[in-house]
Amino acid sequence: MGDFTFQELTSILAMQGFVGISLFSVLLLMALGLAIIFGQMGVINMAHGEFMALGAYTTYMLSMFTRTHYPELMPYYFFFAIIASFLVAGIVGYLTEFALIRHLYKRPLDTLLATWGLSLIMQQMFRTFFGSREVSPALPDWLMGSWMPTDSIFIPINGMFVLGLTTVVTFAVYYLMYRSSWGLNVRATTQNRVMSGAVGINTKQVDRLTFALGCGIAGIAGAAFTTIASTGPTTGSLYIVDTFMVVVFGGAASLFGTIASAFTIAQAQSILEFFISSSMAKVLTLLTLIIILMIRPEGLFASKVRK
Amino acid sequence: TEFPTAEVNTTGLAVTDDTVTVGILHSLTGTMAISETGAQEAERLAIKQINESGGILGRQIRVIREDGASDWPTFAEKARKLLINDKVAAVFGCWTSASRKAVLPVFEQHNGILYYPTFYEGLEQSKNVIYTGQEATQQILAGLDWVAEEKGAKTYFLIGSDYIWPRTSMKIARIHIEQVLGGRVVGEEYKPLGDTQFGSIINRIRLRKPDVIFAAVVGGSNVAWFRQLNAAGINSDNQTLLTLSVTEDEVLGIGGENLEGFYSVMKYFQSLDNPNNKAFVEAFKAEYGEDSVIGDVTQAAYLGPWLWKAAVEKAGSFDIDKIVEVSRTGEIELDTAPEGYVRLHPNHHLWSYTRIGKWNRDGQATVVYESPELIEPNPFPEGYQ
Amino acid sequence: MFEVENLQVSYGQSQVIHDISFKANPNETLAIMGRNGMGKTTLFKSLMGILPSSASKLEVAGVDLLGNESYQRVAKGVAYVPQGRMIFPNLTVKENIETGLKVGKYKEIPDEIYSLFPVLHDMRHRKGGNLSGGQQQQLAIARALVTNPKVLLLDEPTEGIQPSIIKDIAKVLNEIRKMRDITIIVSEQVLSFTMEIADRIIVIEKGKFIHEDLREAVDADKIKKYLTV
Amino acid sequence: MSTNTDFLLAIEDLTVSFDGFKAVDSLTMYIDKNELRVIIGPNGAGKTTLLDLICGKTKASGGSIQFKNQEITKLVEHQITRVGIGRKFQTPSIYENLTVYQNLEVSYSEGRSVLGSLFFKSTPKLEALIEEVASDIQLTELLDTEAGVLSHGQKQWLEIGMLLMQEPELLMLDEPVAGMSAKERDETAELLNRLCKNRSVIVIEHDMEFVKKIARKVTVLHQGKILAEGAMEKVQADEKVIEVYLGH
Amino acid sequence: MNFFIERFLGGKQGAVAIGILALLILVIFPLALDLFRLNLVGKYLTFAFAAVGLVLLWGYGGILSLGQGVFFGLGGYAMAMFLKLEASDPESTAIQTTPGIPDFMDWNQLYELPWFWVPFESFTFTLLAILVLPALFAYIIGVAMFKRRVGGVYFAIITQVIAVILTVLIVGQQGFTGGINGITDLRTLNGWDIRTDSAKYILYFINALLLLAVIMISRFVLTSKFGRLLLAMKDKEDRVRFSGYDVSNFKIFIFCLSAVISAIGGAMFTLQVGFMSPSLLGVVPSIEMVIFAAVGGRMSLIGVVYGTLLINFGKTGFSETFPELWLFFMGGLFIAVVMFFPNGLAGIYNKYVSKLAFLQRYLPAIKLPKSKADTQSNASSSASTSDNAAEGAKS
């Protein structure tokens, strides 16, 4: 690979940098909802990927609807789709908490089984309603193509969009969890449900809304991913392991840890990938994770409290 | 009757005086359901049509459907069930090579017959399998010859999903490019199945500036792959891309706008203009809805029941050995195949045309090249192993 | 002010609280004494709505608590300092106290709290879980006080606290009881502390109240005798 | 810097800090064989942290701890236990899902390796020891009860019992009578007085009544340092101790 | 004899339970089912090994591994490598470029057997490898994790990550491993055709007997002091440490043991099903193994066998009857078990069946603790502490 100019090389470097950042934002967006549900509430939600898929399908439905009924609104529908995905996934999450999760707070590991069952059911529902084939919504034109700061650098607009969205959602989550009194209730409840009730927190409501919020954020992630990949009934299962990895590796209860972990994984993967095959890059990235967890057994940003 | 059961079924298959039972074995659930749905629908359509036209040796075909669930062990288990428990006279099914490899010993041990519809890597020829899709050389060599000739391609970038079919296909492609076409392979990359991050590979493509991207990315990854290509400014205006694995099914997810102007090499496109295909498309849409699309594998799957019918009728028997025997005569043929005309080669594969389609925005392809004659299947190509 | 009638509590098959009834007035401190395992904690937890219980009457200032969840009881004016502290280990000291601010009239942590427990002010940004045992106990009391309750339930509040602060706590409890006219129900093992704050002393034995006396009427030795039978 | 001594436990210049906060600050202190030492001090003085340091739960930032002239700051928890140090936690730490009997049995000092525990067999000696300990801690009646349902005080005793099963040379108790009723405090005091006959004991307590019953020598800790040391009466009268700890 | 009953069977009740299980899998199934179904049951029972391993590791040890498929796969691959080499003799592979090596190597342009395949030409080595490889691998992971005190969900996720790594490696290195296809078309074991009907019967019985043996060994472990220490560690790890135990060693041991048990299942899977593939060692099968254990009752060695059978019969049955909707049933089944029978099948047994049984009279007077699902082991462990000693003194 000798014949390229210095300028080309810098362009490639810039673009490769963006590949890492873009993977980072994807991972982080996937993980944010789980950081709340798993990191804060301790619920091992194996159906988290399906909630993402739910958001993606919502976006797809809305795009079909807009296209047939209000074609002139196509350029704008995506914003509504994000909100709708949040709401739909959030509402389903709310119901899930009510029907299932609230009975299991004393047995956190059992949430793994119940939500695994839930994920099977949701997958089958997607298949029944939308068929086995993958779908992808028609995207507004402004989301396609790329931004060219110079004539040899192409920064994909969908990647920038996801990055922007991730930033917004991250700040919102940070504010909600660490700066609002609601967040204080959430954190108290998840640390000691009984005692939180005894200081006046309506823990049932907090639980339900927290779970719904986490699922809603998964829905947003799902909506965002329709700009990158297609959605099928089993799409969710593709994401779930990575998502858990990001959250756990960061130190389950730390939002900052989740961010740092998504960043580390994304950069390791994308840098390695440029030099070796993607499967070996993945293996090396994962091995690095394991070694780092050996050094920091409770994740990158463990919140250490004496026991 | 004309064909007494005792005569047409000497090996205890599930054949009665008026029915014959067959199995359909595809993934209805799991990641592969996406691809296998169409195949499974086409097989059912063919069986329905055969039944409507009087069945086979005077018997109606009864179908047992099993779900392979995208899981190879399950495929093997279900194949065993179909053969041992249900004693089906034939099985139509499988999509991935992995699932075929998993069921192959079962079919060989219990002497069943499998009609396998997917384009695949070759290097296999089982007595108990009829391959109705193309093997690697049929698809690849013609395709590469065409880009070399038409586009004057010299440098090639190979990319595929990480499993046996793309890897074998690329191996053949590389040999052909380097030794026959005198070109150069400037990159060869594989992505795990289902992966959606192609940014790094795209950057590498940009570095190497190949004349042709030659792709065998499978399933859901395709959407990410083409969307990201497009967003990176690589499109048919500035890049030739030929893929082995995009059919109308995948286009549905990818979106025509992301694919416009790129090429697929296949034996079948829905847009093929011939009376057989017109009738087939019409019947398919009547059965499964106006919006349904038909891809290469779907069509190949449709051939399965018809080829089986032809063989059974020629043999005058449902016995597997007799079917295999007549299949090996090289005389089983279908004038009514949607792809035009097919004939079964003694090596269990089909003679077929190879076509190159250029994708349009509406998700259909325009055939820009068709091999002048049927291409002989050659699962063990000399010099390409 | 605080009325309980026919309270029964069981763990599964085994009944632990048998038909307890009592009344406490505003500006009164009731001490519940009893040996280990006699049901004090169980009583408090059931009053707080943490354990399921049955009763024919349960009222705070005429407001019914029966069937209410913990948080509703808190909203109606009950506050609780559990045995074993149960602070929120991963919240900072400040945040721990703030969890109690929801229901009370305070918007911010009142200075009295910090002047009663100066160490909590010094350590307000430290994680609750990193405090020493006694500091955590102080935190638990502070958290309950900021809810500005009508009824304050204290389950062995002085456990692990240094003598000087125990004295301070006694003083403060006596003060706020008078100032805010609240009812305090406390279970306690340290006799001196009990004698300093209690108006009435009830002895609990195997889930039943077996004895009751006004503080003026008893001395430490007498109570000790009840507790050793 | 450390020298060979007759002390059972020699703590010299011990320091630990958490994010710059020195919980134990250049502490030097010695415990004799068969001594019963009471440590008191304000909340947050560093008493629990000191025990944490001795038993290996927390690693020291500096200084040395020698047990029978063996440096133990480098050892890990189970090794420290094996050299003969037993520790009771501030909140009772017992196995709620095992019976009282099993709690005691599991704490016995034989069969501590993987294979040893696989092929471990109960012996009459063990039986007798369990009986003895159970009666010491007044849980004979409850041997077959699941420990989770014991009352707070009983849990405290059970944990002491579990330590006795280890037959340690140094026993460290963090607030052993917290939450106990008056009678049980008396009984615990007796128990401790009996226990210290052939081993050393370190007790941390805030209950002065109790301390008086057991104390021979008292160490007062304040801000990680020794504030006063000596006989109970002397310490109680110390103005500084009254100021920071006892109150007026 | 008493010792055997107490320690290997789990007392009289345990003996009855094992007896019933033995009757079911050794007599009733072979008589009632045709060979095809029996072979399926044989396959299910190989997963039961993994579930039994999880009872030790997760149920008692409190260590959740989401990577048991890795060990199942190691055992399975070791066996498959041996069988594949035997199936790849130069005659049957004559059409290859390099005859005598496995077909997939030939397809991937390998011209020589890779070095790490060579020892698998020996059957003895293979048998050893099936036991030692997973133990060694588990040991390495165990030392790396438990010595560093990685635990709880961190350990669970790491084991899951290891499952991912192994899958990616196998799929990515297909020349050496057969890739996503796995290792297929296995035929004979030391010349004995494993595909014949009689071989299927024999393998079924070997498998069933091995399973029973593994259960008894596990029972021995659980009724020992080690078993009680596991429960103790699950409850208060620190206390165990301060009682003088090197907790990490205990965890490492139980992890290795459960790995070996899984691996035996994997090897038996290969023998009975005739191939091995990465889809058996990834994330999903590993989670399914946990589900088998949970549905059976994670504290019950016998319950998990029934759990495994139930789920797999359900999967096969539902998917044959409702090929397009069976996931609804499976999902519903998991949720129902978790919600209504938190202790799995063993919990149902304890709650309903055992109450009826006369055995109730022999249970200790005290109420059985809620968290202990397994009557068989429990009744004996709480009752036998004193019984045991008495009997020990007699003998």
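Per-chain numbering from 1; labels A, B, C, D and E assigned in written order.
Just so we're on the same page, a residue touches a chain if its C-beta (ideal position, glycine included) is under 8 Å from a C-beta of that chain, and two chains touch if they have at least 3 such contacts.
Fair warning: this is a prediction, and the values are worked out from it, not measured in the lab.
Asker: Chains touching subunit B and subunit E alike, please list them.
Answerer: Chains touching both subunit B and subunit E: A.
Asker: Taking each chain's centre as the mean of its Cα atoms, which chain lies farthest from subunit E?
Answerer: C
Asker: Give the label of the chain whose average Cα location is farthest from that of subunit D.
Answerer: Of all chains, B has its centre farthest from that of subunit D.
Asker: How far is the middle of subunit B from the middle of subunit D, if each middle is the mean of its Cα atoms, in Å?
Answerer: 75
Asker: Counting only Cα atoms for the centres, state how far subunit D is from subunit E in Å.
Answerer: So the centre of subunit D lies 43 Å away from the centre of subunit E.
Asker: At what distance in angstrom does the C-alpha mean of subunit D lie from that of subunit A?
Answerer: Chain centroid spacing, subunit A to subunit D, equals 48 Å.
Asker: Tell me, which residues of subunit A touch at least two other chains?
Answerer: 123-124, 127, 237, 277, 279, 282, 306-307
Asker: Find every residue in subunit B that makes contact with two or more other chains and list them.
Answerer: Within subunit B, the residues that touch at least two other chains are 28-29, 162, 190, 192.
Asker: Subunit E: which residues touch two or more other chains?
Answerer: 168, 171-172, 238, 324, 327
Asker: Going by the contact rule at the top, pick out the subunit C residues touching subunit A in the complex.
Answerer: By the definition above, subunit C touches subunit A via 48-50, 69-71, 74-75, 79-80, 82, 86-91, 95, 98-100, 102-103, 127, 129-130, 143-144, 147.
Asker: Sort out for me which residues of subunit C touch subunit D in the complex.
Answerer: 11, 33-38, 41, 83-84, 119, 130-135, 137-138, 156, 159-168, 189-191, 224, 227-228
Asker: Which bits of subunit D are touching subunit C when the two form their complex?
Answerer: 18, 41-45, 47-49, 90-91, 149-154, 175, 178-185, 206-208, 244-248
Asker: If you look only at subunit E, which of its residues touch subunit D in the complex?
Answerer: Within the complex, subunit E touches subunit D at residues 220-221, 224-226, 228-229, 231-232, 234-236, 238-247, 249-250, 253, 364, 366, 369, 371-372, 381-382, 385-386, 388-389, 392-393.
Asker: Report the residues of subunit A in contact with subunit E in the complex, numbered from low to high.
Answerer: Going through subunit A, the ones touching subunit E are 44, 46, 100, 103-104, 107, 109-110, 112-114, 116-121, 123-124, 127-128, 237, 241, 244-245, 248-249, 252, 277, 279-280, 282-283, 286-287, 289-290, 293-295, 297-299, 307.
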